[in-house]
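Each structure below is given as structure tokens.
Two complexes follow with chain A in common, the first pairing it with chain B and the second with chain C.
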Partner chain A sequence: MKKSTTNVAFYTPYVMWLALFVIAPMVLIVYQSFFDISGHFTLANYQTYFQSGTYIMMTINSVWYAFLITFATLLISYPTAYLLHYAKHKQLWLLLIILPTWINLLLKAYAFIGIFSQDGGVNSFLGMFGIAPQQFLFTDFSFIFVAAYIEIPFMILPIFNAIEELPENLVNASQDLGAKGWQTFTKVVWPLTISGVKSGVQAVFIPSLSLFMLTRLIGGNRVITLGTAIEEHFLTTMNWGMGSTIGVVLIVAMFIIMFLTGERKKKGVRRHEA
Partner chain B sequence: MSNIIVELKHVGKRYGDTQVLKDINIEIEQGKFYTLLGPSGSGKTTILRAIAGFLDVSEGEVLFDGKKINDVPANQRKVNTVFQDYALFPHLNVFDNVAFGLRLHRMSKETIQTKVTDALKMVRLQGYADREISELSGGQQQRVAIARAIVLEPQVLLLDEPLSALDAKLRKDMQYELRELQERLGITFLFVTHDQEEALALSDEIFVMNDGQVQQSGTPVDIYDEPVNHFVADFIGESNIIPGHMIKDFLVEFNGKQFECADAGMRPNEPVEVVLRPEDLDITAADAGKVNVEVDTQLFRGDYYEIVAYDQLQNEWLIHSTNPAKDGETVGLTFDPEDIHVMRLNESEEEFDARLETYEGD
Partner chain C sequence: MKRKFKWSYLYLIFVFICLYVPIFYLVIYSFSTGDRMSNFSGFTWKHYAELFADTRMIQIVLDTLLVALLSSLIATIIGALGALAIDRTSRPVMKNTILSLNNILMVSPDVIIGASFLIFYTALKVPLGFWSVLMSHIAFSIPIVVLMILPRLQEMSHSLLDAARDLGASNYQVLTRVIVPYITPGIFSGFFMAFTYSLDDFAVTFFVTGNGFETLAVEIYARARQGISLEINALSGVMFVFALLLVVGYYFLQRAGQSRRAKHKRESEALINETTH
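Presenting the complex of A and B:
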């Protein structure tokens, strides 16, 4: 009896937090998505979303950019995590990778405005080789570059942990059975660290769907994502119903990603492909 | 000799300042069961890893079939390993684990199917092909690990303490199966263990390791009956080791008495150590034997009583007897001259063998 009361005391704060800041907002978003701008109950918001090409395009755009960002991040993070595993002083390197996440996102975005601007660091460096100033800011490239820069630590950490947990003997066993380096990688290391990649993809893809500050500061509003649309509806057009509808779409998208990248239990009996 | 398949010549291994292998010289012939026996940290697994190719030796040569393979990577060496923790691939089922090496060698589906089925039959796991590794017991995982290694038909199979994670009963069963498997396949087994009983039961030849050195090599009987030094005598089986003096050839003194023995070739009055195995000691009435001891404690071990007794000089005597003794009773101990084994202090294996040559064989 005593034990169960202390247990209640322990989980009450978290349950309250969960209820107030996770469940209640989600319920409110769903609720609001059924009201139009003048406060009447309606399904029109969803109708608008699915019938107007703009919103569908915007969704596809968001998914596409989120995919590009995730892919770029993964491309950089996996080899980094792999090398990190074999590096001396790996805790120090890890700290250096985590360090930028402690700095405010907005500060980092402003720093990149400076670096990428017409008279910024990159252009003055290119200028030394006689290359005329290039337009970096407000391009797709700079948007994906900065977004990837910000997300990389969140991809490296889960992959690094997965590689660390991989028993060294499995790599030895693979070599022992005759596998070359890349065969060991594709047949043993990659399949056994895919769980880390999946968590990394979850941690990067989902936030990338609704990036809006970077689209504005670095992408110069040329990249319009669902995040931008929500911001517009809540702050500019004041159409909270439509904003909430897009919010619902994002939530559904998140659940889909979670499902696709989640751990599914392996079936007991599998056919063997010889 | 052409049937030497693996040879280590003056092999050493250093990690920084610590020398884990010192001047290892080993010859391994085809088709025999070899064991590297020693306490943990004695360097036995290091030797195995050097042969498998998982580590580079600091000095010396590793030869396979007469060719130096120091710089040949692990994936090109014609040896396979059964790992201590099995190192089965958890994302593959039993069939795919066993087929792993075969697929790398680009064999046809039918060949792979036949070979895997045969290998699984060999380790008595037919019908388990579709199981996941996590669904198997420790003993079954052990068999999969063996099947995965032997399916590639290596000339030498390296086994790194493969039975250490199994319970006593299963371990005994697997010992029989391993020995039988080795005889059936006719390939060389190099087996690493810290369990001296296991080593004695399985091996054609044992290398006793300590401190990064081979202390003694030979057949189980040689090593048991004629340990070359204190370490080997103590590590292999139970033994009573008593300090003494060699009076002359075939006569040794210990406990203040002189005894006939079967050893020779030492300096007169040389200080030596005398080994008497507990099972060679027979209990008789007090004063009727060669030594009188007082029984201190005894343990019932199932097939024998382990009796601890002390002589007048407070030397401890360990006796294995089928009959119990009484605590506190004084009894006599008898033994034959052949039961006494005399060891010189700090004698190397070569010196020991050379000395044996001088008086044995007649």
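Presenting the complex of A and C:
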């Protein structure tokens, strides 16, 4: 008797949270996507989404930008994580990587408004070489740059953890067996750290689809991501149905990414055997 | 070999400079006498004076801290109970389902969380403001607390619990004297993560806050859209120092935990050696 009451006490708050704040909102956003702006049940939102080219183009654009951001982030983060592994005082370095993530994202974006402005840091730096001021703010480049800047720590950490788990003797063995530096990397290090890369990609790609504040502050409304469209529909045009429809698209995209970057053990095993 | 080593350090230093330039750029201009982030013209404290005289801003900072503290505290309690519940679930299917549900809010983009919570509150006619923001922050902090506590629960050996029961401890005593002390490091890191999640959040708050209530991130967004005001720079200077203190505090907390654990291990090993020899 006593045991069952304590069990209920354990379960209740957490299960209530699961029901109210995980399941209910997800169900509601799908439900809402079937209603038009005046509250009638309809499939029109999905019809609009698939038939008007703008929404499809916007989705493709958003995925493309997220891909570019993820790729740029990976390109910078992998060598950093790799070198960190061999650095002295790596705990301290790691702390220095984490510290910027504690500065509010909005402040970092705000910093770039100053840095990229007409008479800001980058332009005065270029001015020293006699290059005329360039327009950086409100371009696609600045959006990708700032997004990558913000996401870099979230890519470095999982890759670093994966490299830390890599047994050093495997690297030594491959070198002893005569593999060149590049071969050791492609045949030993990369395959064994791919799990870290995957979780890094997951941690960067999904948020990159929804960074609406950056598109507003840095992209100057030129770049429209799925997140921007959702924010627009929910808070500006008040067309919650359409916003939810795009939300459902974003959720589907999220599951696809998770499926692609998830652990698929069987396939991995087969590849090793082959 | 030696030359290669230097090159690698050069790359690391380059990355770190890139990571920190924007932050220092902000902080440096908070001391500039001008009113824009260009042409540093002279040292002044006036933006800090403005910041500390801005009662509205101070109110927002206090509100943000209040939400962060309350939400992380409540999230830690619910999350700890949830971790205990998950740990006690014996059916693997059930356990995996709960864990997947737990992780939904971890991987969902902020806009989805914000938009779906907004629909949820509107459907339940919850007024938007302090309470809706607080509830949302609790909600999105719970999964990280669970993930911080669960591994410690799972590595705890069952013989400890059996021993406590054999020695006549009641369920309540087992919980408070054995389980809770064992998972305390997990509880602390969960609380810490929840606190930073709450402080860091912008998008969810932006969706679920009404007209009357603002957190720091929402206020910064509103001001940044209007253009540059060096008061924000002064604010970022203060926040950088705050973040630095938090990180250093967390670092020493972890170090202390690790060395304590290592000490425990050494002691128990010594004990085993003594008894076996």
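Miscellaneous remarks
Note that in this section the second predicted complex is superposed on the first by the 248 of 274 C-alpha atoms of A that agree within 3 Å, B and C clash if a C-alpha of one lies under 4 Å from a C-alpha of the other, contacts with A are read in each partner's own complex, and residues count from 1 in each chain.
Operating definition for what follows: contacts are C-beta pairs under 8 Å (C-beta built on N, C-alpha and C of every residue); 3 or more make two chains touch, one makes a residue touch a chain.
Here the structure is a predicted model, which is why all the values come from computation and not from measurement.
With both structures placed on the common chain, the touch criterion links A:W102 to chain C but leaves chain B unconnected.
In the superposition on chain A, contact is made by A:L192 with chain B only, not with chain C. Look at A:I115: by the touch rule set out above, it reaches chain C but stays clear of chain B.
Of the two partner chains, chain B is the only one that A:S174 touches; chain C does not reach it. Contacts of A:W182 after superposition: neither chain B nor chain C is touched.
Of the two partner chains placed by the overlay, neither chain B nor chain C lies in contact with A:F41.
For chain A, the partner that touches more of its residues is C, with chain B and chain C as the two candidates. Those residues of chain C whose C-beta lies close enough to touch chain A in the complex are 8-9, 11-12, 15-16, 18-23, 25-26, 29, 36-39, 77-79, 81-82, 84-85, 88, 98, 101-102, 104-105, 107-120, 123, 135, 138-139, 142, 171-172, 196, 199-200, 202-203, 206-207, 216-217, 220-221, 224-225, 228, 232, 235-236, 239-240, 243-244, 246-247, 251.
Residues 52-54, 73-76, 79-81, 83, 85, 87-91, 93, 95-96, 99-101, 104-105, 109, 112-113, 116, 129-132, 135, 148-149, 152 of chain B touch chain A in their complex. Within the complex, the chain A residues that touch chain C are 2-3, 6-7, 9-11, 13-15, 17-18, 20-26, 28-29, 32, 76, 79-80, 83-84, 86-87, 91, 93, 95-115, 117, 119-121, 124, 149, 152-153, 202, 206-207, 209-210, 212-213, 216-217, 226-227, 230-231, 234-235, 240, 243-244, 247, 250-251, 254, 258.
Those residues of chain A that touch chain B in the shared complex are 167, 169-170, 172-180, 183, 187-188, 191-192, 266, 268-272, 274.
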